[in-house]
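Going by the order they are written in, the chains are A, B, C and D; count residues from 1 in each one.
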Amino acid sequence: MQVALVQIDDYGPWTTTPAPRRETDLQSLQASLFADFAEFVGEYDGYAFYGRFDNMYAVANRPDPTAFARFQRLVRNQYPVTVSVAVGRGETPAAAMGVASDRLQEAGSAQNGQRTEVLAIGDTDGSRPATGPLTIAHFDVVDVTSSLTDRENAIDVTRTIRRAALELETHLRDRHDCLTHFVGGDNVIAVCPMVSADTFQAAIDHVRAETGLELQVGVGHDRTAHAAGEEAKYALETCRATGDRIRGAETLPAED
Amino acid sequence: MQVALVQIDDYGPWTTTPAPRRETDLQSLQASLFADFAEFVGEYDGYAFYGRFDNMYAVANRPDPTAFARFQRLVRNQYPVTVSVAVGRGETPAAAMGVASDRLQEAGSAQNGQRTEVLAIGDTDGSRPATGPLTIAHFDVVDVTSSLTDRENAIDVTRTIRRAALELETHLRDRHDCLTHFVGGDNVIAVCPMVSADTFQAAIDHVRAETGLELQVGVGHDRTAHAAGEEAKYALETCRATGDRIRGAETLPAED
Amino acid sequence: MQVALVQIDDYGPWTTTPAPRRETDLQSLQASLFADFAEFVGEYDGYAFYGRFDNMYAVANRPDPTAFARFQRLVRNQYPVTVSVAVGRGETPAAAMGVASDRLQEAGSAQNGQRTEVLAIGDTDGSRPATGPLTIAHFDVVDVTSSLTDRENAIDVTRTIRRAALELETHLRDRHDCLTHFVGGDNVIAVCPMVSADTFQAAIDHVRAETGLELQVGVGHDRTAHAAGEEAKYALETCRATGDRIRGAETLPAED
Amino acid sequence: MQVALVQIDDYGPWTTTPAPRRETDLQSLQASLFADFAEFVGEYDGYAFYGRFDNMYAVANRPDPTAFARFQRLVRNQYPVTVSVAVGRGETPAAAMGVASDRLQEAGSAQNGQRTEVLAIGDTDGSRPATGPLTIAHFDVVDVTSSLTDRENAIDVTRTIRRAALELETHLRDRHDCLTHFVGGDNVIAVCPMVSADTFQAAIDHVRAETGLELQVGVGHDRTAHAAGEEAKYALETCRATGDRIRGAETLPAED
């Protein structure tokens, strides 16, 4: 599995130099940068996550790691900031991101004004595509509209869903080395290594126990995040139609 | 205090009709929409928060509530979706958002395909500006770069900061009716009603106890979110320079 | 009438430093900057024109000239370039743009690396709104789809329409001091001072004689470019419906 | 040579339905769409031109014609409009665009509300890359800043440069079947078939005779528009440094 970690170079200092910049401009800048990143990654059939905005992720098996130099160029030519990118591969999303994180850290501090536009891909042999396939689990909250959105104070709805997402993320990270991320609305996507079907039931049970929220999940498995994710989306549609809580996991290959 | 709640009309169904849409396109769409919203709100010296992306917020005292019709027009003319907007006023951010949430819910369900482009402002008298002033508390994590960003796996850094943000948000919501939101990097902004200076020490203590993370905070107080937030940013700069954990709160008016 | 001239600071050198930048990135940058400018100007009910992209215009009576500092801030915080802005007022669009051009030129050369973010508004008294009203004439080509778009090589269609736009622009500039600009498709907008109704017939006749293209025009007159332009758009719809070549001009006030 | 013609489906009616849409929103929409198109085409090392905005072009040898379906999807998912795309190949840019235009016209009228998202690529065999190489000529105006930008009324500067661009475009279209387009500032790019070096001298002479403006040009020749265009940019830099009026053309292969 191949992941990329994008980090805005020396961003913290930039946001306050020569004086603190207007917050709404920073929000707009960060969101625009992520919008462009999502498009870029999408062209390679990967998935992009906004992370902390100044540190964004991609799960993208397809591109040669050097392709991210194109994103660096795009940012340099269209934004007031530059980005460094590290690429890592591993058996699990967390392991791959660990490699990427290490590479970026070795290249210099996030607030080292001299470290700009690093492309830290180690000795990754781009001509050998990342080993796949990967599993995408696309979760959402059962009946979120009627039980939350149409009923509660919006800030509490957000908080409730964020807590569920965080519990899910923590559970799947600690047990299975997944990369799990909230993606808007009531949707949470987990990028998983080879896991068994009952992983998802346990995750749903955990979130229900911790937060009272009932999740459902569609699971897909393919060579790219997009292809696996599309399968997962269709499986989730089936959950919505049938009332099943998990669909798609039955087709996962058996673990070793 | 005046807040606005922006909700994409019937968004869930749209994302899967006629078939599930590509995830990276949705990510890009949501982020672009928020980028435009942040700019729009910024023109009125407000603050914008991405919420769940399909439900976004603004804290914006200045505009006449009908001004949000301009944002609705902008969205209609530039995006494949439309938005409904509710505006609420109240003594606290949570109370104001409660009013806005009620108004939007009364106008119809978030997934009612017939409810489009509602502007739910009730009998708010736009000619009377929202009562202010308001307090902005701008938090960040002490030494985040050296202790986390430059050291840990990026997905764990994000998770750690997200948990701190969620604990902070919960604490400030439950005790003080604040609207608290992660805004990127290690930054969390709380929009507060009239609170006393020791509110912030208690919040920092709570987050440290729950997560082990040490926060610092700059506080500002003014008639608009931007003006108060700018004060808060300068105060936070002073924290960074001096090692103080709280700056700016000493100037808050006494509570009644 | 009040106009603004926005100029990217030292842009030519930037595009080739340290090496020529990728053309598609420059195209994207320029277009994004204009997209943001159009939104900004639209908030003040003005009209924006892309000009040469590195030199863009607005016709915007409403804002206090100092408001353009907000656009400068937005650009500084979101783009890799900065902009200078000059504002001018005059009885005609050309006269107003002459004032703005003079002010910017006096502030320094477009390629003076030291001249950045100038806001050249002279002694314009922003508290006194620009004198209006103004006249907008919105032209298009009669039956462009059936006669050109659906029939000819696309590069020749563009060239034919561009030539008509240029002849129209030249005619209206030389005789009436208008600011005339192609705005996409087969649409050309002229911002005019007080002119008589037969001005438009003469312009249509001129373009027909020079290029063989038959234009029609809707005319509107109001205190802002948006309001006058909206009238013009409705009037042009009436031309389309009735076959008239000029609508709206009959309501123009008599010239002195 | 392979070109693409992108046409917004049924755009004219959309801009006035149910009522004329705000002009600045349309300007912003069109510019944003082109910004995304330029990025998309740039990923394939092509060149993009805004044409009439509702009809945009690309010169892009590399992608399989079916790749433009990705751009159609991106537009569908992020914009309130959809686009049809035709791809054509030919010995010259004009011939290729003629093929593309024919294909789109055969698929239905630009204002046929039923013709949406056509991808008209005929029997183009995408597995066989477009024959190249191609020649890019990148023109600009000698001393434009000192003679025009820093001296004249901005609307007259634009008009003067636009007239030169139009004369150049017409000359190169009529004699050599080039696709020539203004790209901002004082820059005009011509995509050329195999031409001899004296083509460019004749073009410069023609523009001088018609408009009094003195152009210089850098010429490049390679398998993609980006690669040829980059050569052309470097050659133009040499013109600027040396005072030569034409550079790069000496390396063109001899015509048959």
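Please note the rule applied: a residue touches a chain if its C-beta (ideal position, glycine included) is under 8 Å from a C-beta of that chain, and two chains touch if they have at least 3 such contacts.
Note that this is a predicted model, so its numbers are computed, not measured.
**Q** For the sequence-identical pair chain A and chain D, what is the superposition rotation angle on Cα atoms, to the nearest 5 degrees?
**A** Between chain A and chain D, the superposition angle is 180 degrees.
**Q** Applying the document's contact definition, name the chain pair with more C-beta pairs in contact, B-C or B-D.
**A** Result of the comparison of B-C and B-D: B-D.
**Q** Please identify the chain with the largest separation between its CA centroid and the CA centroid of chain D.
**A** Most remote chain from chain D, centroid-wise, comes out as B.
**Q** Could you tell me the distance, in whole angstrom, between the mean C-alpha positions of chain B and chain C?
**A** For chain B versus chain C, the centre distance works out to 37 Å.
**Q** How many angstrom lie between the CA centroids of chain B and chain D, rounded to a whole number?
**A** The computed centroid separation for chain B versus chain D comes out at 43 Å.
**Q** Hey, what residues on chain D touch two or more of the other chains?
**A** Within chain D, residues 22, 25-26, 28-29, 32, 36, 39, 74 contact more than one other chain.
**Q** Which of the residues in chain C come into contact with chain D in the complex?
**A** Touching chain D from chain C are residues 5, 11-12, 15-16, 20, 22-32, 34-36, 38-39, 41-42, 46-48, 50-55, 57, 93-94, 97-98, 100-101, 105, 109-111, 145-146, 149-159, 161-163, 166, 169-170, 173, 179, 183-186, 189, 226, 229-230, 233-234, 237.
**Q** Along chain C, where are the residues that touch chain B in the complex?
**A** Those in contact with chain B are residues 36, 39, 43, 70, 74.
**Q** For chain A, which residues are in contact with chain C within the complex?
**A** 21-22, 25-26, 28-29, 32, 73-74, 76-80
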